[in-house]
């Protein structure tokens, strides 16, 4: 039994990503979408908070949103896996529930 | 020449209040309105950041918004002054410009 | 799966600045007519929805906070409020409205609906749901 | 007061997730037709508006970032970008688009429009305006 | 699998309606069912047929109407949220004495019970909002 | 003093249109001039005459229309933002081949130049948004 959490806001603007990470349980997955994809950048003011949970959680980022924002793949954190919309659907069906951190 | 800054979002949800405080200049005023009034609470995770700037800045809070949210006056920080909508207008006219931290 | 699903309404936003809190409450009221297992979670700024003494006369907006007290009559009786969220905001349970329900399994004894829980327990409650609605 | 006012457009939000960045740019374009002293400030997530290599094909939304490069032709030539905001986001000026203008006072020499400034200087720029529009 | 979708922000203003659109298209292409999309909060604004986006932009309402027609997705607009925001179908406009209506083809106005019902009847529920 | 006002979020969804309303009423009562209020972003949604809020709630559009009628405030709705979001007056609806319009009395649709002009012609500009 595990949950897919979606985060769609910039971690530099709001506390939503942090609150999500604080409430995930081991084995859960986090998918960053829309402005949430900035949470996947390496070497930022928030990247340590993401890396710290990457052992217990699977962290994904929606690649079309990454590309829209001009973030080169080389700048993304190693702990983050890119998915497309098909991958998003698979994450939804392969977890028991989805929780949106709106 | 001084600026009235308005902040309308909760400091627990977004970084807008912090960014505002980081960009105020001595002699400026900050007015907390709408969900921004939570920044006027004493003894919170963000109240030190407000108090730290209270010497150089004047900090105001919109009382009708405070009352709507059920925050007793006794719980507000000593460094914050309450104003009503008339007071809001006076703050706008008595400063050279208004900058909204939306 | 049984016919009864576990629904969790997650409230993370402050009231009045935006409409989410009010429109969340409207869903809870309608949802109560369905025979499901309903819980409400209040965390982050959502805890501000439950403060007592809200008086919206000055902003010309309807005060919807009394409606929370009516939810017990609709068998919505589980209000999970996160302790850490309260503490970060300088609040304690005493700053919240008293919200109660009458327990039909216990001779209609009046019991508190608000249950202050730690962050770990909140995470466990979230993980125990069938449907999570976020507002 | 002179007939020319100083207008500052403050951009603090990321592009595409919300429309503010695009609709801010639309104001700047229209505003350029008025004979005012125009500056643009990019701080906080606003610095993300200027990243190079934006490709919106996958999200089905129009890529408006090339429009920033056209602003020089409208005599919008002062793009103040906050250094601290870049650093917190792991960015440097090299991650931003090259945006230039031709300086009519200097034999139409091509000059960079982007000026990376520290937070104190950004605050001073803000304090030097007649009108501040926030997006 | 049956997947229910909620959209709670307005078109163009927020990416939610776009992301949901791409998500639903992928889900349908992969053979899943998306029996209903529920529009709540400012999401109800997606349903207006009066929107005129710039010609080089996507037409969010038309995209949804087309998807609904092709795949039989039930696009439900919350009546309470819609009334507040000025979204009316012909029946509502008549009943309320309003001189115009603005709901596009493929969308229908109904109650919040449709959201709960969707939660009960689908295997997964995904929310797109702000 | 002349004070210009910008509203950039939609009614009911966000408090901006309410706060601005109380602010403008106070400013006028104190003898200041508010020559224009400019509606931008989702603020254009304030101008729909089709809104039907619950009876025990304030009617934001009607409040603004009444204030404009009483004090001669020019309520300008940005045309570009309005078209995207499906807010049309009769002229625009005809010109664009739409079968309905929804702008309330007291509001007029015009260009972004009216925002810049307001910034030039007023002594102070105050923005209400999200």
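In this document, chain identifiers A, B, C, D, E and F correspond to the written order of the chains, with residue numbering beginning at 1 in each.
To be clear about the criterion, a residue touches a chain if its C-beta (ideal position, glycine included) is under 8 Å from a C-beta of that chain, and two chains touch if they have at least 3 such contacts.
Just so you know, these numbers come straight off a predicted model, no measurement behind them.
Asks: Provide the labels of all chains in contact with chain B and in contact with chain E.
Replies: Intersection of chain B and chain E contact lists gives A, C, D, F.
Asks: Using C-alpha centroids, which chain lies at the maximum separation from chain A?
Replies: F
Asks: If you average the CA atoms of chain A and of chain F, how many Å lie between those two points?
Replies: Taking the mean C-alpha position of each chain, the two centres sit 38 Å apart.
Asks: Would you kindly tell me how far, in whole Å, the mean C-alpha position of chain F lies from that of chain D?
Replies: Computed from C-alpha means, the inter-chain centre distance equals 27 Å.
Asks: Just curious, how far off is chain F from chain B if you go by their C-alpha centres, in Å?
Replies: Roughly 26 Å separates the two chain centres.
Asks: Would you please write down the residue numbers of chain B that are in contact with two or more other chains?
Replies: Each of 8-9, 12-13, 15, 34-35, 64-65, 84, 97-98, 100, 102 in chain B touches at least two other chains.
Asks: Would you pick out the residues of chain D that each touch at least 2 other chains?
Replies: Those would be 16-19, 44, 59, 61, 130-132, 134.
Asks: Give me the residues of chain F that touch two or more other chains.
Replies: Chain F, residues with two or more chain partners: 12-13, 15, 19, 22, 41, 54, 57, 125, 127, 129-130.
Asks: So, with touch as defined above, which chain pairs make the list?
Replies: Chain-chain contacts present: A-B, A-C, A-D, A-E, B-C, B-D, B-F, C-E, C-F, D-E, D-F, E-F.
Asks: Which residues of chain C touch chain F in the complex?
Replies: 16-19, 59-62
Asks: Which part of chain F faces chain B closely enough to touch in the complex?
Replies: 1, 3, 8, 15-16, 19, 22-23, 25-27, 29-30, 32, 123-130
Asks: Using the touch rule from the top, collect the residues of chain C that touch chain B in their complex.
Replies: Interface residues on the chain C side: 13-18, 44-45, 48, 51-59, 61, 63, 65, 88-90.
Asks: For chain D, which residues count as touching chain F in their complex?
Replies: 5, 7, 19-20, 23, 26-27, 30-31, 33-34, 36, 130-134
Asks: For the complex, give me every residue of chain F touching chain E.
Replies: Residue list for chain F touching chain E: 10-13, 41-42, 45, 48-54, 57, 61, 83-88, 93, 96, 98, 100-102.
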